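Note sheet for the following structure.
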Amino acid sequence: MNNNGTTFLKMNNVNVFYDSIQALKNISLEVAKSEFVVLIGANGAGKSTLLKSILNIQAPKGSINFKGKELTKLHTDEIVANGISIIPEGHLIFNSMSVLENLQLGTYHGKKKEQSIENIFGYFPILRERKEQTAGTLSGGEQQMLSIGRGLLSDPELILVDEPSLGLAPKIVNDIFDILVKLNNVGYTILLSEQNAKKSLEIADRAYVLETGNIVMEGQADDLLNDEEIKDAYLGGSI
Amino acid sequence: MEFFIAQVLNGLSLGSIYVLLVTGFNLMLLVAKIIQFAYPQFVVISMYATWAVLRATNNVILAILVTIVVSIFLNLLSEPIFRRITSIKGTDINATFVASIGLSMVLVEIMSHSLNQGFPISFSDNWVGGSVFRYGIINISRSSIFAWVGGIIVVVAFFYLLYRTMVGRLFRAIAENRHVAKLFGIPIFKTSIMSYLIAGLLGGFIALLLSMLIGTASPWLGESVALKVLAVSIVAGLGNLKGGLFVGLALGVVESVAIGYVAGSWSNVIAFVIMLIVILAKPKGLFGAAVE
Amino acid sequence: MSSTLMYFLGFSMTYILMAWSIYLPYRVKHLHFLAVATMAVTSYMGGILSVNFGWSFLPTLLLSIVIGALISYLISHTIGNAPTFTVVIVGITFVFIIKTAIENTDYLGGTIGLFGIPVLDHPLIILFAFLLVIGYFLYRIDHSRIGRAASVIFTDENLAKSMGIKPKQIGMLFQTISGGIAGSAGVFYAFFVGSLFPDFFTFHLIGTLMTILFIGGYTTMWGVIPAALILRGVPMILPSSIASWRLLIYGVLLVAIIATKPKGLITKKMLWELLKKRSGS
């Protein structure tokens, strides 16, 4: 382990089954406090399933420990209350509700509700302008910002970010990645799942590579960025 | 013309009751994901509770309290049954409907065998109240005014809850997308228990208003009311809360006007025929279904 | 044969027929209570045709099947692929309307009832033979391409559409057949009991049929047979003080089965395993 060293999130021999198909095989993974860790891998490698298993949405077998608590025994809402939140794939929000209402829902597990919403408007000024607007009418990028903002409002220590770049324009993807770096710098621990391997390795501290439900490689992000195999498989040869 | 107005006014008070019923029904449909066909039966049993307390003590406040408590209690009591059914893998909302028919059969049998020896109950004139305003044949009774005012207050309070409070936001979030709600850490179970509680509270008010308005209840009252509630919800669009307000009121008015102009129990059929025509023409409802 | 046994068998077989008419459309998730209204219509029609016009059983039966199927066919144009609860409410509404219409029509006996329908000489034999024919017919449908398509629609309608299955066509077909079976059940009922009351065709009947279908199991046509026999039979041997609570017991059983074994006591999977064991040993 690098960084601070204390065990924060630790997955040990985690298996996940969909009916009879095994989606995750013996996953062991650690994330230290304040770390920025990325999961890379092709579509369907199990990245998303891994994040959802932490929230006990895809009933995991094995052990997932967060700050000394065993998450596999808790319901999703209890896990969120314990300080983990997810920014789901496809910038999922409640489309029929206003921007403000989405944020208010985010504060359900949070403590300083009014103040925190003000903080989010500080990060994303555009959301303040749109706060009475129905969330479904926002652009893709704005929805992603709302989704991140909402995720921050439950006072998480660990944020799981699932494929934030999916379906967004490159310029907006850069903005979103900048925000993730900023959040990491102010102390949020981030576990990111991303198909865009190059970009995510550039900003992350460490990385795990997933293939068909297995972790096939792990290491410092810089090392992986220079690894020949990774270059061939995920970085499109020579970049 | 006067006669027509009189019937419309009567219809609006009956319609308020339907509005409240369909609102409670839709709330549980949206949040707990159940078709609670026995919900109107709980209302009828609560009316029996009102009657029993009034007869034993003649204490109005106690009767009101007991009615509301009984209604909330019955709805909460059904929650574990429905939760168990919805948590079985591979079951869908149809299973909750079938179970609620079973529940309905049980309640009808209990009422028809054990309560007041199966005879219909009737409420005292004190409870029903007399006329407070008369103009020609337009006659407005105290209970009609209670139904209008009570209906409006309860509906406004309900929509305030739905749109201005955290519980309401949780309700709407779960109704819009259960999966996302779960991802975001919204406590689905706790919130759906809240929906039973609110529906129970509504049911208590409905029992009080209905007992004043029609002054009687029988073991079979719940069956025809349940049919109307489900029909109203479907005509409006299953789970469509705002549509339910409109269609509920409309049903009350149509029924009442039909009773005024058509003889005997044929009048009962007219509202059903109209609803049937609407459903056959628009199987997914007038205002769009909120639930698949 | 004792009259108790005769009543037991006759009622059970009529209920099996009715339960089948509910079973078939439920293969595509339609709880088709229009069948109950149809049964009311054809039983009264049969009664009137025989009492007032001297029709004999067989032509009455055939006409009832046609009328029953026709009613369902016409309605199925709009509810052939409607959501489950739309089909439910259309059915129950018809039941209510038909019941009220009968109650208000003196020609049909009103609330007093219609009496004097000539009872069949050998109702059980005819009923049994008819049940065999309908059973064979249902078996063939269940094991045909249409039956398999229905199973796909039940699990996932979108998947079915993507496979080129037309849910509306199958829904309409099943509803029409359901109407035909219900039409025949009405006539059998009239010619077996000899008298008709509008109160028979109400929530009680819907509740009883639901109990038979869901206790027996809706995944196979065989489930309703033991369910109808037991649910009709057991109350007949119980003391009347308990038997009068029959519907309460049905209700409790219905809730219990949905909460524990929602597919019912007899399932398709179970029959398959039984069959495999047989052929394996």
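By letter and in written order, the chains are A, B and C; residue numbering begins at 1 in each of them.
We adopt the following convention: contacts are C-beta pairs under 8 Å (C-beta built on N, C-alpha and C of every residue); 3 or more make two chains touch, one makes a residue touch a chain.
Bear in mind the structure is a predicted one, so any value in this text is a computation, not a measurement.
Of all the chains, the one whose CA centre sits at the greatest distance from that of chain A is C.
Chain nearest the geometric middle of the protein is B, using mean C-alpha positions.
Ranked by the number of C-beta pairs in contact, the top chain pair here is B-C.
With centres set at the average Cα position, the gap from chain A to chain B is 44 Å.
Between the Cα centres of chain B and chain C there is a gap of 30 Å. If you average the Cα atoms of chain A and of chain C, the two centres end up 54 Å apart. Against chain C, in their complex, chain B makes its touches with residues 35, 81, 84-85, 88, 90-91, 93-95, 97-99, 101-106, 108-110, 113, 223-224, 227, 230-231, 234, 238, 264-266, 268-269, 272-273, 275-276, 279-281, 283-284, 289, 292. Contacts from chain B toward chain A in the complex involve residues 166, 169-170, 172-173, 176-177, 180, 182-188, 190.
Looking at the complex, you find that chain C touches chain B at residues 29, 31, 75, 78-79, 82-86, 88-90, 92-94, 96-97, 100-101, 103-104, 202-203, 206-207, 210-211, 214, 244-245, 247-248, 250-255, 258-259, 262. Considering their complex, residues 52, 55, 57, 75-77, 79-81, 85-86, 88, 92-97, 101, 104-106, 108-109, 150, 154 of chain A touch chain B.
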